[in-house]
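What follows is a pair of complexes built around chain A, which joins chain B in one and chain C in the other.
And now, the complex of A and B:
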């Protein structure tokens, strides 16, 4: 049973990040969970390896975490309020990756 | 009897009228007193802030702060000379907002007494300035070193066809003065520099970041923290916008009860190559307009709410905890607006924490180089001379030597204007797959002679030529140096300059 479980998540990319993910903002992702419960770090690795078709990985991930200038929101809150990469994902969590805009 | 009675009643009416007049005058004085008292509390807290040991006495900064308090007091005294606290025209002009319980006379007086600095008079700054001027903010300072260009006008509503070429600051003041001549406008027609930011910020109560690049966003945030000013920051690109209120409440560095600064939220700048400008990525006018209008709204709310009121009974100042949020707007999403909670001040923030390394001195002395901190994208120059051709040379090639012409712009730009006979293969960023796709196209595979590659400015086309050279066998590929911009300059002056 443990090997077949997965966690259903809603993933959204905004602020131009969607261009790296087939130009699609919202994605339904079933995150495989071989471990007890995967955290956000596991999700980022999974997205990078499976969902991201664009080869420019460093536009999303740099030095093992999301690159500077990307905010990660866990259920509408800055992930820094939720433990960042170590946050244990729950079914139906909504994770948003926002690239900051600079134009004006 | 009748005569006496008539005189009696006239006397009563006159006395009643006099009492009424005095009572109304008294009410006005009480309101003015309440505003003045609150102002005093604010001024004191600012004085405390300026007197903090980290700030060297005798610098021009503390001098600036003193000027600022004198100015504020001056305005108040001036107002109390007349019978009413506002000029007659102001009641009419601002009446529609003054009758809102959220504003009222005290709110209008606070707006009149306020000094707001707008950094950047573009797509955000124009609508923000228009609404703040309209609302009767007493003094508006405008900072921008650019001049008006015709490509600004679809979104920068304070500028006009007649002011193209004029400094953006002067162009905006021309517009704003006709909108509301009662506001005092202060010109800062230069790019904000670290050396002058502290001095300028010290003279204002609140700052709006309406700029368009990371380096200015870090500079503005640092200066706002160091001078203790709340900062309303917005940005926009394509069809999206973001709004955040920073350093609010503007507690001194080291006070964790203050609102987070830009560095708390984004300690490291984004890689320069990930940053797109409006010129590169595009911008829809109403999108950036919405964000600028929201900045004006937030500024008005902060100003009208007034300073923190002390509890007179025990003398403690009630600390309103910061509830930092990021408001995201997306024209094509449902819902269009979304508000998310942000973190509070970062314990190790370089600007606003007890571990802060950024000081007034590091700004004024020029020790901090914001350009270097944020990095720059070096112009692409990766090809040997034999792999490049100028636009003029290309235009002079006989048609049978032109080979195949590949345009690497996206479909939308290609749809605006394209060279006859060119083939559109948008650059994807992935050299290998792009080269495979381009070389598999029948027109490309069949072509005799070299593949010439062109793009908008001549950067992607170099990457594409390199991709051809590294990932395909037979191609001789050449980059048209400087792209279609050079084509316009050297070969076809009627080429659309979008």
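And now, the complex of A and C:
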């Protein structure tokens, strides 16, 4: 029973990234957690495989992690302060992906 | 992971990791510090005169939105007494600029600043959509870049404003430094790192009658030391409303590669970005000054593919000319002739064909772009600096960089804009466009 749990998360894409995700900024995601508490790396893989309809995957993920120039915020703090991909996700965490790569 | 406290207030949870010094600070401390650092840049370089009228070049994107917000805040806080106005250029790109202009209008309302929009259509009689319909999607950035440079000056002159600030950040400047380094263009590298890039005649023309014309507008970059990452974080935490998308006509060429390189470096060693900027400034000091530089070719640090910086613009122009030639032989497309450019190519070709420097520079110039493989057959030498090289006697350029004889500024005999040639680049492009107008509808793949 415990294997089929999922973690509810709020995901937001801004700075132009929303264009890759059905042009929608906020997404409610229930991240399946077959193993114990998935981390941000698992989330990125999940988003890439399930939420992202745009075929240009390399605009979001490059070499197994988010593309350089995309900022990640975990509960409004830079993910570099939280352990980056290794951060263990908690229910109702808010994860924001912001692209700095788009022009202005 | 235990949350860390802000290093400054020792109270809130740290939310920002500063790229330049790895400081871990909270959002309120960060926004205050960010503003303070921009203020320091402005005050230490005496960017503004008290009571000066200043136009903020506003695109609706993150950089200019943050710049407008910070300047508005600082102007009140530091009591600079500046008369701020937003100046936007409408290139006439449906689906792109129309949306971003809406963001500028919202900013103007939020910040309670006046907004002036000048369009390519009204200035030149051509919107970019029309230009693209005429010449195709390739090479149109050249037009956009040349037109924009003048449009900001013309817009400022319409407002009677003698100073335009732009949102260029440290990442932009680092990109431009790298690009010019890779192209071997030290003079342009030097200009890209200046906080202020007045048109050379600005001081004189202004003191003569005190009136602002399009030929004496000063440009500056108050956020030259600000990381793009921090600009985005500032916008995020201040909940600023900005528009982000790529220009629908923008290609990812040389600048795109430089940008990727910079972003990859940042991930490994964030200090690299400011270090590249500082190195660029140090190198600039080693470059002999060329005060008489042509304003159209000055410092178009920007993000539109290859177009806003001049080297790429010239390279793009050459590419375009070649495409036209190919298109003409195949009987498709519209030919837009620029006699000066093609003549230069030929002259340069003969003057420099056997020069070691030329070969080396050409190699450096061709490779990273990845678009110009067929260039060799058509134009043997394609140096972005060729206008300057041409003006010098043939030979090694390095020691002859000072005072190129034809670099003297005059005014375009058609429109009066600053130009080292009889007719400025915009007028030349327009001439080509207008000549070809009846052929509208023919398109190059």
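Heads up, the rule we're going with is that the second predicted complex is superposed on the first by the 100 of 104 C-alpha atoms of A that agree within 3 Å, B and C clash if a C-alpha of one lies under 4 Å from a C-alpha of the other, contacts with A are read in each partner's own complex, and residues count from 1 in each chain.
Definition applied: a residue touches a chain if its C-beta (ideal position, glycine included) is under 8 Å from a C-beta of that chain, and two chains touch if they have at least 3 such contacts.
Quick caveat, the model's predicted, so the values are computed rather than measured.
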Should the pairing of chain B and chain C on chain A count as a clash or a fit in the superposition? clash
Is A:59 contacted by the first partner chain B, the second partner chain C, both or neither? first
For A:90, is the partner it touches chain B (first), chain C (second), both, or none of the two (neither)? neither
With the two structures laid over each other on chain A, which partner does A:45 touch: chain B (first), chain C (second), both, or neither? neither
By the touch definition at the top of the document, which applies to A:34: first (chain B), second (chain C), both, or neither? neither
One more residue to check, A:6. First (chain B), second (chain C), both or neither? neither
Determine, under the contact definition given at the top, whether A:68 touches first (chain B), second (chain C), both, or neither. both
Stretch of chain C, among 203-211, 311-319, 401-409 or 437-445, that runs into chain B once the two complexes are superposed: 437-445
Those residues of chain A which chain B touches in one complex and chain C touches in the other: 14-16, 67-69, 71, 73, 76-78, 80-81, 96, 98-104
Provide the residue numbers of chain A that touch chain B in the complex, in ascending order. 14-16, 25, 54-56, 58-59, 62, 67-71, 73, 76-78, 80-81, 96, 98-104
Please give the residue numbers of chain C that touch chain A in the complex, ascending. 1, 3-4, 13-17, 24, 27, 59-65, 100, 167, 171, 228-229, 231-233, 236-237, 242-247, 250, 259-260, 263-264, 266-267, 303-304
Contacting residues of chain B [partner chain A, same complex]: 120, 122-125, 210-214, 217, 234-238, 240-242, 265-271, 273-278, 281, 283, 288, 326, 328, 330, 333, 338-343, 428-430, 432-433
Would you mind writing out the residues of chain A in touch with chain C in their complex? 14-16, 19, 67-69, 71, 73, 76-78, 80-83, 87, 96, 98-104
